[in-house]
Amino acid sequence: MDYLLHIAIMAVIFMVFAASLNLQLGVSGLYNFGQVAFFAIGAYASAILSTGGAPIGLSMLAAIVVAALAGLLISVPLLRMRGDYFGIASLAFAEMIRLLALNERWATGGPMGIPAIPRPEWLGMAPTSLVQFLVIAAALAALALAGLGVLQRAPFGRTLKLIREDENVAMAFARDVKAFKRRAMCVSAAAAGLAGALWAHYLTYISPNDFTVQTTILLLLCLVLGGKGTIAGPILGAGLVMVIQEALRFLPLAPELGRLVAPIQGIVFGAVLVLLMIRRPQGLIGEMRE
Amino acid sequence: MYYVELLISGLASGATYALFAVGLTMVYGTFRFINFAHGELIAWGAYGLLLFMLPPLSLSFAAALAPALALSAIIALGTERIAFRPLRKKAAVTILIASIGASYVLRSALQLAFGGDLKSYPVAFEGTVDLMGVRVTHVQIAMVAAAAASFAALHWLLRKTRIGKYMRAFANNPDLAAIYGLPLAAVRIAVWVLGAGLAALGGVLVGLDSNLDPFMGLSGLIKAFAAVLIGGPGNVFGALIGGLLIGTAENLSTAVISPGYKDFIAFAIIFLLLLFRPQGLFAGRTGVR
Amino acid sequence: MLEARNITKTFGGLTAVDDVSFALADTPITGLIGPNGSGKSTLFHCLSGFYGADRGELSLAGTPLTGLAPHKISALGIARTFQFARVLPFMSVRDNLLAVAPGQSGERLRSVFFAPRAVRRQERALQGQADAILEFLRLDPLSGTPAGHLSYGQQKLLEIGRLLIARPKVVLLDEPSAGVNPALIKQILKSIKELSRQGLQFFIIEHNMSVISQLCSRVLVMDAGRLIFEGSLAQAQKSQRVIEAYLGTGTHAAYS
Amino acid sequence: MLLTVENLTAGYGARPVIRDISLDVGVGEIVAVIGPNGAGKSTVLRAIAGEIAPTKGRIVFDGREISGRSCAENTADGLIFVPQGRNVFDQMSLRENLELGGHQIADNRQLKERIERVLDIHPWMRARQHGAVHALSGGQRQRLALARIDLLDPALVLLDEPSLGLAPDAVGEIFSGIRAMGDRGVSVLLVEQNAAMALAISVRGYVLEQGENRLTGKGGELAADPRVQRLYLGG
C-alpha cells in the first residue's frame, strides 16, 4: 500500500514539474534543458529555511519566490540566445547550480546534502502519514496545474504560442517578445520551485546528486511523451513515466538482477525519447497541427 | 615549479579536451546540430579498451586500442543511421533532443555492461620524467603527443586529400556540394568515424590518467562543448586551441579557488561565450577548417 | 504621414538601401516597384524596425520612429506582412486573428488571475470582431480549420484579416498577390480597397503590374538601392530610367 | 536539338510556379529566358538541372529523356548547372574550388592538367590560386563559378542570373565570357534579369511572365519588341 502512495506522490510532484517546463518548452518554444535548476533552488530554499526553524508553509512560499527570482535573473542572459544555443546554455546553468550546491557546504551541506527536512504537520499532529502528505501535495499540485492551465488558455498563452511559431509576426503585431518570454520563464521557474520544495519535504533528504542531467532527461521524456504544448500532456506523461520508474523499484528481484533494472530502464527511456522524435514528436496528446 | 606543473597537467588534459572536441565541432559544422551523445563515444572508447583487454579477449593494450576506437566509430555510425538521419530535415532542437535520448541509451548500456562503479585498466603507466626539475608523467606526455599527432594528421587530411576537401566543401556550402555531386555518403562516414575515433582516443588517455567512470562521457562532452565554442563551431583547429585553453584555465584555477569548482570554469566559459561571442573567439565563419 | 529621410542600409560592402527619402503623404495606396535585388524588401525591414538603418530618420505623423524596436513601431500604428504568407498553421483561422488583436488585457498575468471576467468579456467582443472580419473576407466557413490547411491564396487573405483586427494606421504589404490565383487576387484587391476607404494607408511591394495599376495612384521605383522615380505608373512606364532599370541596358562591349 | 523541353510544369510543394514551358537549345546556341520578377525563370533552370522534380513535361538532352535525373548525373553527361548567388566555396582556396568543380575526374594527374589549362585561360586565377575565395570580388567569384565550364567541357550550360549583384564592368566581362563560350561551341541556356544584355548575345529568347511563356522570338527582334517592355512594366 505504501509503495502505491509513494508512486502517487512522486507522480503528482513530477506533474507540476513537467507542466512547469511545458510553459517554456511546449508553449513558448524555449528549449530549456536546465529546468532542474529551479527544482533544485526550490528544494534547497525550502529545506534550508525549514531546517532552520521556519514554518514549512512559509519556507515553501519563499522557495517559490526564490525560484521565480532566479528565473527572472537567468532569463536576462538566456533570452539573448536562440534554439539549441539556448538549450545548451540553460543546461550549463543547471550544472553551475549543482556545483554551487556541491561546494557551498555552509549552506547546502555539500555532497552530504541536507538530511531531516521536516514534513508538513497535519492539523498540528506530527508526523504526517503518506496519505496525508499525498492530500497536501495533490491539493497544491492541483492549484499549480490549474493556474498553469488557465494561463495557457488565456490570451497570454495564445500570445506565447504566436511567439513560438513566428517571432517576427509577433513583433510585427506589437508584441514585446522578450518580455513575454521573460514572464513565461518566471512563472515556469516558480512552479518548478514549488515542485522542488514538495519533493524535498516528501523525501526529507536532498543532495546535489538529485539534480543532475539525468533528472533533466527524465523530465524531458515526461513532457515529450505526454505531448508538449497541451495542458493534459505533461500530466499524462509525468504520470506514465513516474509510475513505470517508481514501480520498477519495487519489483521483487534478486539483487544481481535488481542491479540491471536501472540501466535497462535508462535504455528504454532513452530509446523512447529518440523514437518519439522520429515517429511522434507531438507526443501522445498532439496539439492541433497541420 | 608548482605553477609550471599545474600548467603542464592543464595542457595535458587540454589536449584530451581537444580530441573530444573534434567530432562535436565537425558534426556541427557539417550537419548543423549539437550531438549530445558525443560524450558517450568518449566513454565507450575508454570502456571499449577495457572490454578488449579483459577476458575472454585479454588483448594487450596496443592490440586493444584499434578495436576500441573502431567500436566507438561503429556506435557513432549506428546512432547516426538510427537516430539522426531520419531527422535530418527537422529543426536542430529536435535532433538535439533525439541525441539526448541517444546519450541516455548509450550511457545506460555502458552501466549495464560494466556496472556503475569506477574501473581502471589492468596495466599501469605510472612512470614520470624529470624535465628540468618539473615532474611530468608518461601519460601526460602521451596525451600531448597523441593530440599533436592527431591534429597534424587531421590538417593533412583536410587540406591535402580529396575526402578532406569534400568534407570542408560540405561544411562550407552544402547546397553547392550537392549540385556538384560531391559524395555525401563518404563525407558522412569520414566525419563520424574520425570524430568518434579521436573522442575514443581521448577517452582512453583519460582512463589511463585517472579512472573509468560511466559519467566520464558527460563531463567530457561539457569540456568539448566549451572548446568548440571557443574555437568557433566547425573550426577544428580552433577547437584544439579551445581545448588547451580550458585545460590550462581549469588547472591554474585550482591554485586560487577550491578544486571543487574546477568544473565550474568550463560551464562559466560556455555561458559567457554563448552570451558574448557565440561565433567563437577566432573568426566568425562556419565550416570545417 | 509616414516619412523617411536619407535611409541607408549596408551589408558588408553592399549598399542595399542607398539614401532613400520619401513621404507617403496623402496617397491612400502607394506602390513600391523595382527589379529583383533593388532593395525594396530591405527598405520595408528598415521601415518596420526589423533592420536598424545605418543612417536616416523615420517618423509617423511627426512621431519619430528612428531606432525603435519592431514591436514599438508596430504599437505606434505600422503593421506589415512578409514576402511569403506567414500564418500560424496549427492555430485555427479564427485564432490567427485573435492572436494578433491589440490591447488584450488577458495577455497580462495579473488580469488573467484577478480580473477574469473583464478578460472574458473582451475575448467575447474580439471573437465577434474576428467572425465579422472572416465573413467580410468570405473565410467564415473555414473559421475553425487550422490555418495550415488553407490554400496559399487564402493564407494571404487571412493575413489581410490580421491587419483588419490590428487596426494599424499604415500597412506595409510585401507582394500580396505573389503565388495567388486570379480569383483570390480579386478578393485581396477588394479587401485592400475597402480598408483604404476606411482610412488605412498602404505601401505595397508588388511585381504584378496589373495589381499596381488597379490599386496605386502613385508608385516609387527603386533600382540598386536608390529611389529613381516617383509618380504615376503610367509615367513610370514611359521613363527611360525605369525601363533601363527593368530591362537593363543593351549598350555594352559584350555584343558590340 | 541538343535540349528540348516540352510542357514543363514544376513548383515548390503543391504550388506550381511554371506551367507548360517549352523551349529548345541547339548545338552552339545561346538562348535566353527572361521575364519580370517572380516569372519562374530560375525554376525552369532548376527543373532542367535536376534540382527540383517536374510535375509534368519532358526534358530531352542529347537524345535522351533526363527528367528525374540528379544534378550530379547530368553533370557527368555534359550538362552543367551554375546556380545564382552562392555558387563558389568561399571558405576554400580558388584552386580547391577548381579541384572540387572537377571532382568527377577521378585521375589526379588528369585533373591537374585540366586545372593548368583553366589557369592558362585565366591568368589572374593563377596569381590568386592559393588565396581564399572570400577575398575575391563579386565578378571574380562569378568567373570562378563559370570556370567549371572550361574544366569539364560540357555540351550545355545552364546559367542562372550570372549578372546578379555585379558592378557594371563585371557584368560586361561576364557577358563577353558567355559569348566566347558560344563561339567555342558550348550551348548556353541563360536566365537573366538584364534582358537587354541577355537578348543581345542570344539567338533566341523566351519571355516568361507569371510562370508562363508569353513571347518567343529572335534575340534582336525581342530586344526591340515593345511587348517585352509591357510584360515587365505593364501598360
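The letters A, B, C and D name the chains in turn, as written, and every chain counts its residues from 1.
To be clear about the criterion, a residue touches a chain if its C-beta (ideal position, glycine included) is under 8 Å from a C-beta of that chain, and two chains touch if they have at least 3 such contacts.
What you see is a predicted model, and the numbers here were worked out from it, not measured in a lab.
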item	value
Distance in touch steps, counted as few as possible, from chain A out to chain C	1
Pair of chains joined by more contacts [C-beta pairs], C-D or A-B	A-B
Approximate Å spacing (C-alpha centroids) for the pair chain B, chain C	49
Chain A and chain D: spacing of chain centres that average the CA atoms, whole Å	56
Intercentroid distance (Cα basis), chain D paired with chain C, Å	34
Graph class of chain-chain contacts, one of line, ring, star, complete, other	ring
Pairwise chain contacts, counting only pairs that touch as defined	A-B, A-C, B-D, C-D
Chain C partner contacts - residues on chain D that touch it in the complex	15, 36-38, 164-165, 171-172, 175-176, 179, 192-201, 210, 223, 228-229, 232-235
Touching residues (chain side chain B, partner chain A) in the complex	33-34, 82-83, 86-87, 90-98, 100-109, 111-112, 115, 218, 222, 225, 258, 260-261, 263-264, 267-268, 270-271, 274-275, 278
Residues of chain C touching chain D in the complex	14, 35-37, 152, 175, 178-179, 207-210, 212-213, 233-234, 236-237, 242-243, 246-250, 252-255
Partner chain B, residues of chain A touching it in the complex	31, 33, 77, 80-81, 83-85, 87-89, 92-93, 95-96, 99, 102-103, 213, 217, 220-221, 224, 259-260, 262-267, 269-274, 276-278, 281
Partner chain A, residues of chain C touching it in the complex	48-50, 69-72, 74-75, 79-82, 86, 88-92, 95, 98-100, 102, 104-109, 112-113, 119, 123, 146, 148-149, 162, 166
